[in-house]
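Two complexes follow with subunit A in common, the first pairing it with subunit B and the second with subunit C.
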Partner chain A sequence: MGLKAKNAVLTRDHIENFLFVFPAVAIFCIFYIYPFYKMINLSFFDWKGIGPMHFAGLANYAELMGDRLWWDSIGHAGYITLIALTFQNALAFALALACDREIRLKRFYRAVFFIPPVLSEIVVGLVWNWILNPQMQNNHPVGFLNHFLYATGFPQLMHNWLGDPKTALTTIAVVNAWKGFGWGFIMFLAGLQTIDKQLYEAARVDGAGSWKTFCNVTIPMMLPVILVVVILTVLGCMQVFVLILALVSEGLVNHTDVPVTRIFSAMQNTNRFGYACAEAVIFGAVLIATSFILKKLADRARQL
Partner chain B sequence: MMRGRPSLAICCALVLTALAGCGQPQKPSNKVLLWHWMTDRHDTLLQLAKQYGQETGVEVTVQLFAPSESYSQKVIAAAQANILPDIYGVLDKKSIVADFVKAGLIADLTGAMEADGGQWKNSLFDKALADRRFDAGNIYGVKPGIYGAPIDVTNEQMLYNRKLLAKAGIASPPQTWEELIKDFQALKRVGITPFVSGWGELWLLDCFASNYAFNIMGEEKVFATYRGEVKYTDPDWIRVFGLFAQLRDTGALMEDIVTKGNKYAEQDFALERAAFSFNGSWCVNVYKDMNPNLDYGVIPPPPVTDVRPLKIWGGAGSSFVVNNQSPNKDKAIAFLKWLTAKDQQAFLAKATNNLPANHEAGGLVSKVLEDFARGMDNSTHPSIWPLNEDPSVVEAFDKGIQDIIIGQKTPQQVASAVQQVKDRQMSKGSR
Partner chain C sequence: MNKYIIWRGTRSTFTHLFLMGVALLCLFPLVWMVRCALMSNDTIFVDASLIPQQLNFGNFATAWTKGNLGGFFLNSVIYTVCVVGGIVLISSLAAFAFSRLKFPGRNVLFYLFVAAMMIPLPGSFVALFVLMTKLHLVNTRFGYILCMINVGLSMSILLLKTFFDKIPADLEDAARIDGCSKLGVWWYVALPLARPAIAVIVIFNSLTVWNEYILATLLLGDVKLMPLQRGLMVFQGANSVDYPVLMAGLTMAAAPIVMVYLLMQKHIVKGLSSGAVVG
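Take a look at the complex of A and B:
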């Protein structure tokens, strides 16, 4: 085979290879790169979603910097995330530890704990709306929680959980944690099952008690899993949206706003698509920066 | 040497097929595609589409996209991608409808409406048509014309539960705001929640507030506020905000009213958990499904003063527009004309308990719907106002009222906060 013929074969191979990856690259560009570029581009315009676009330069970003409601909403999302990181993940870890041992009905518990995360957020919202309903009918509470408090002799604790600015966000955070803990539970359980049992036996032979074994064997071995769960919890909770919509409709004034509801409101209520895109860009940057920091922490933890 | 050829050919074919599919011009056909958002009317629309196909041979495909918020976003996305169906609805402010018209995405139906001596136009309620009509000199800069056809009409009024009112010793529904507050107090005394509405949805709260703004200060002063000539800190506006403080202080409002979606509020009223409600005429169908034995009546919101009329929101309930770029535009218009004709409107009204847009189909509706229909004479709607408030101000206004209801702010504080947003928007020159 001559050099020319070899080159022709090589060229054809290159073209063929390119054509094989082309659909994937095209799909990636069309559905990921282009929308991302378009969103950044739109954030520099004043646009109602239809009709003429007016170039606004950095005006949307400048306005966003002084938008107290926007920064409050990031704070609210941070609070929901904090509850999830602590309460939700601690509960998930504790339950995973329990189910990792030889206990009765282990499989049943695993299935039950995994029900909330597979439910739609709308369904969870509907169920919790019924549980938290503050309404009274014929002098009796309609909602399950208030009815329970009333029936067990604690009527003074009955409350409008979602309608009071003091409790609304915490209530949402708790419902979000209830819905989300199953994911952490499954991941923690999978992580616990990969720990070599000989390590526990060696610790026991060395005279380590339960607490020392937990601190010196379980936690170090679980660190990579814990960090993955933390990253997923942060990214998931910061973007909470449907659950809030299902629980408090368009929100309790601005007390339950989170970044995605603000973005949605800018598009839906005020038809400010450019501003909504600027919010999305800033929010995306916050999430990327958070993920980057957590990734670095995870890498460092793996090296320890 | 032959190894790569079949796969190479397949790849090329796939790419070419994909490229060929892009931007292919639509050709005229005997099919019409309709997108809508009305879950309660879907089956009826399917039946009517089938009937139309049998009568004319034109195949009408009806596709449902719900809820309405998602539908709205879908239509805007389809408009940007230029893939709108032949018939669709624009569920947005009139300024957005105007942008659709200016972008050439909505056909002018004036010619068809006025053909045969205006037969089509004259058969429809004028207030329903006004929703999609742009008059000469309109502020949106749209060429005057009728850019859509209503398939039903609606308005928002107060509903009262006769049984619960009787329990509180109230013989007849209130005629004034003062009587309304007295009735609320009487209901509270016997442990009945006086009032519920879906005020977690801001538009419904806005509707209630603007009814009373029109009543207290008149529409000219309201529009003057929108133009920036009157401030929200004006005593009349504070009086409007004060009504909500009064409702709060009376204990009239259901506990979670500001986070309640209208579906939940409808459920509460249907299950007799509240004596009064504020809702649109579509509720007749909803209540019928939830509690067929519910005994209720309809009244306009009781006015605060009789110096000026209290106007309620009303007009076209659901409207369809025709895609101006559709190759099947004429067939789409013909279908809309058929859909809004007397027989089809009567069928729709009977099947879905909505007020027909065709006044010739009147008299076929229930007593409650008749009461709702009477309100049409006294109705108005932001879509027919000469100008609308800036959406950012509207949001601050509605959220401010929610703040009053939950006791976080006083009417004066809300008035100042709304005025601040107004000043900011005015200085931006966004109007």
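Take a look at the complex of A and C:
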């Protein structure tokens, strides 16, 4: 076969092979790459969604820097994330430790803890909204939580949990943790089960107590898993939105705003597409920077 | 020795108390949801017992027909089947090529897909909406299905590629010698062998599509096209006073997910950990 003919066959072969990835690449380019580009592009424009586009330079970004509601919303998401990182993950870790041995009902616990994470945010949000209902009927609380407090003799603790700006965010964070801890539990348990049992044996032979074993065997061996859980918790909780929508559907108000709500309202309520895109770009950058810093911190911790 | 046994006994009791307490906390809201779904609007504010005195199953029928939950449910089934079918087909073709076939730009393209999984794009839905409007795909089933296929594509390709890489080349060679085309190898050799990975992809993506809300809100304004999660919010807006019917609707939305989860636990957990490893 001549070189030319061989090349022709090779090219035909390559084209044929490329056809296998073509549908995936086409969808990816249209629905991922293009919106990615368009998001950055639009953020430099002043545009109402229809009609003429006005180039605005960095005006959207400049306005964003001084937008208190926007930075507050990042703070709110940060607060929800902080609660998830500390209480939710600590609970998940404790449960995983308790389940990482031969105990009865292990499979039952494992199945139950993972039910909230598979439910949709809408279902979880609406059910909790009903449980936290603040209304009174015939001098008697309607929602379960207030009813429980009333019936057990703590009527002074009854509260409009989601309506009061002081408690709304914490209540959302708690529901978010309720939905999320089972996920952390499964991840930690999977990590714990990969630890070689001989390491525990060796530690015991060396005379280490359970606390020492925990600090010197379990924690170092779990560091990679902990890092993954921390990063995914941050990425997931910072983007929480649908849960809040379902929980406080009576009207989203500033004190429960998170970045995605702000982006949504810039787009749908005020029709400022360019501004919404600028918010999206900044928010994406914040998320990437945060996970990058976390990764660096974890690398340093591992070296110590 | 005796002391040791007592110590172990108390420790195990406390462990179980702790685990059982959390398990109850997990289950209670769901039990409460089902319990309220079985009450009537007259009794729900009066009867505070855990198990209502008279059960009222009519709420489910009301939610299904009057609340149009039947229609939303059917839409969700259509979207889930189409999106998951599309993802399996497209991602397995691509993963097969990335793992087995040679063409220029193969590695670059593959790393693009991997990078897409790592970079969070929380607000790209604004630009996506603009694009869909331009393509006249807003308020169409097809548009929503394409967008949702894109959501699950990267992770599925990655999962399948790692799986195909582990399949020994001998099998493929044997099929080639027997006169199988590349497409034939994909269909008769690669796909059947990848069944465990495909199971993970199917279950995991079904959960994602069934529970998806944001894109459904943006792209589907027509009530006839809305999937279940979006429908529930519309339903809640219209029935905000009729709690028993609302709870019946939520129960019906949650039931299939919980059942699929209980049956397919193993696959879901596997998908979760593999997704996390690459994320």
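Quick note on the criterion: the second predicted complex is superposed on the first by the 284 of 304 C-alpha atoms of A that agree within 3 Å, B and C clash if a C-alpha of one lies under 4 Å from a C-alpha of the other, contacts with A are read in each partner's own complex, and residues count from 1 in each chain.
The rule is short, and it goes like this: a residue touches a chain if its C-beta (ideal position, glycine included) is under 8 Å from a C-beta of that chain, and two chains touch if they have at least 3 such contacts.
From a predicted model like this one, the values you see are computed outputs, not experimental measurements.
Asker: Assess the superposed three-chain arrangement around subunit A: do subunit B and subunit C clash, or do they fit?
Answerer: clash
Asker: Examine A:248 and indicate which partner it touches, taking first as subunit B and second as subunit C; both and neither are also allowed.
Answerer: first
Asker: State whether A:70 touches subunit B only (first), subunit C only (second), both chains, or neither.
Answerer: neither
Asker: Between subunit B and subunit C, whom does A:137 touch in the aligned arrangement: first, second, both, or neither?
Answerer: Touch partners of A:137: subunit B and subunit C.
Asker: Counting only touches as set out at the top, which of subunit B and subunit C does A:44 meet: first, second, both, neither?
Answerer: In the superposed model, A:44 contacts neither subunit B nor subunit C.
Asker: Which holds for A:23: it touches subunit B only (first), subunit C only (second), both, or neither?
Answerer: Once the two structures are laid over each other on A, A:23 reaches both partners.
Asker: Check the residue A:271 against both partner chains and state whether it touches subunit B (first), subunit C (second), both, or neither.
Answerer: first
Asker: Going by the contact rule set out at the top, does A:9 touch subunit B (first), subunit C (second), both, or neither?
Answerer: First partner only.
Asker: Would you mind checking which one, subunit B or subunit C, touches more residues on subunit A?
Answerer: The partner making contact with more of subunit A's residues is C.
Asker: Give the stretch of subunit B that clashes with subunit C in the superposition, choosing among 44-52, 62-70 or 152-160.
Answerer: Clashes occur only in 62-70.
Asker: Is there a shared patch on subunit A that both subunit B and subunit C touch, and which residues make it up?
Answerer: 13, 15-16, 20, 23, 49, 137-138, 142, 249, 267
Asker: Within their complex, state which residues of subunit C touch subunit A.
Answerer: Of all residues in subunit C, those touching subunit A are 12, 15-16, 18-19, 22-23, 25-27, 29-30, 32-33, 36, 45, 48, 90-91, 93-94, 96-98, 101-104, 109, 112-113, 116, 119-131, 146-147, 149-150, 153-154, 157, 182, 186, 207, 210-211, 213-214, 229, 232-233, 236-237, 243, 246-247, 250, 253-254, 257-258, 261-262, 265, 268-269, 272-273, 276-277, 279.
Asker: In their shared complex, at which residues does subunit B touch subunit A?
Answerer: 1, 4, 7-8, 11-12, 14-15, 18, 69, 72-73, 76, 79-80, 92-93, 95-96, 99-100, 102-103, 105, 191, 193, 198, 200-202, 254-261, 264, 268, 272-273, 391-392, 394-395, 399, 402-403, 406, 408, 430
Asker: Quick check on the complex: what are the subunit A residues that touch subunit B?
Answerer: Those in contact with subunit B are residues 9, 12-13, 15-16, 19-20, 22-23, 46, 48-51, 129, 133-139, 142, 160, 162-165, 168, 247-254, 265, 267-272.
Asker: In the complex of these two chains, what residues of subunit A are touching subunit C?
Answerer: 13-18, 20-21, 23-25, 27-28, 30-32, 34-36, 38-39, 42, 49, 91, 94-95, 98-99, 103-105, 108-116, 118-124, 126-128, 130-131, 137-138, 140, 142, 144, 147, 151, 178, 182-183, 186-187, 190, 228-229, 231-232, 235, 238-239, 241-242, 245-246, 249, 259-260, 263, 267, 273, 276-277, 279-281, 283-284, 287-288, 291
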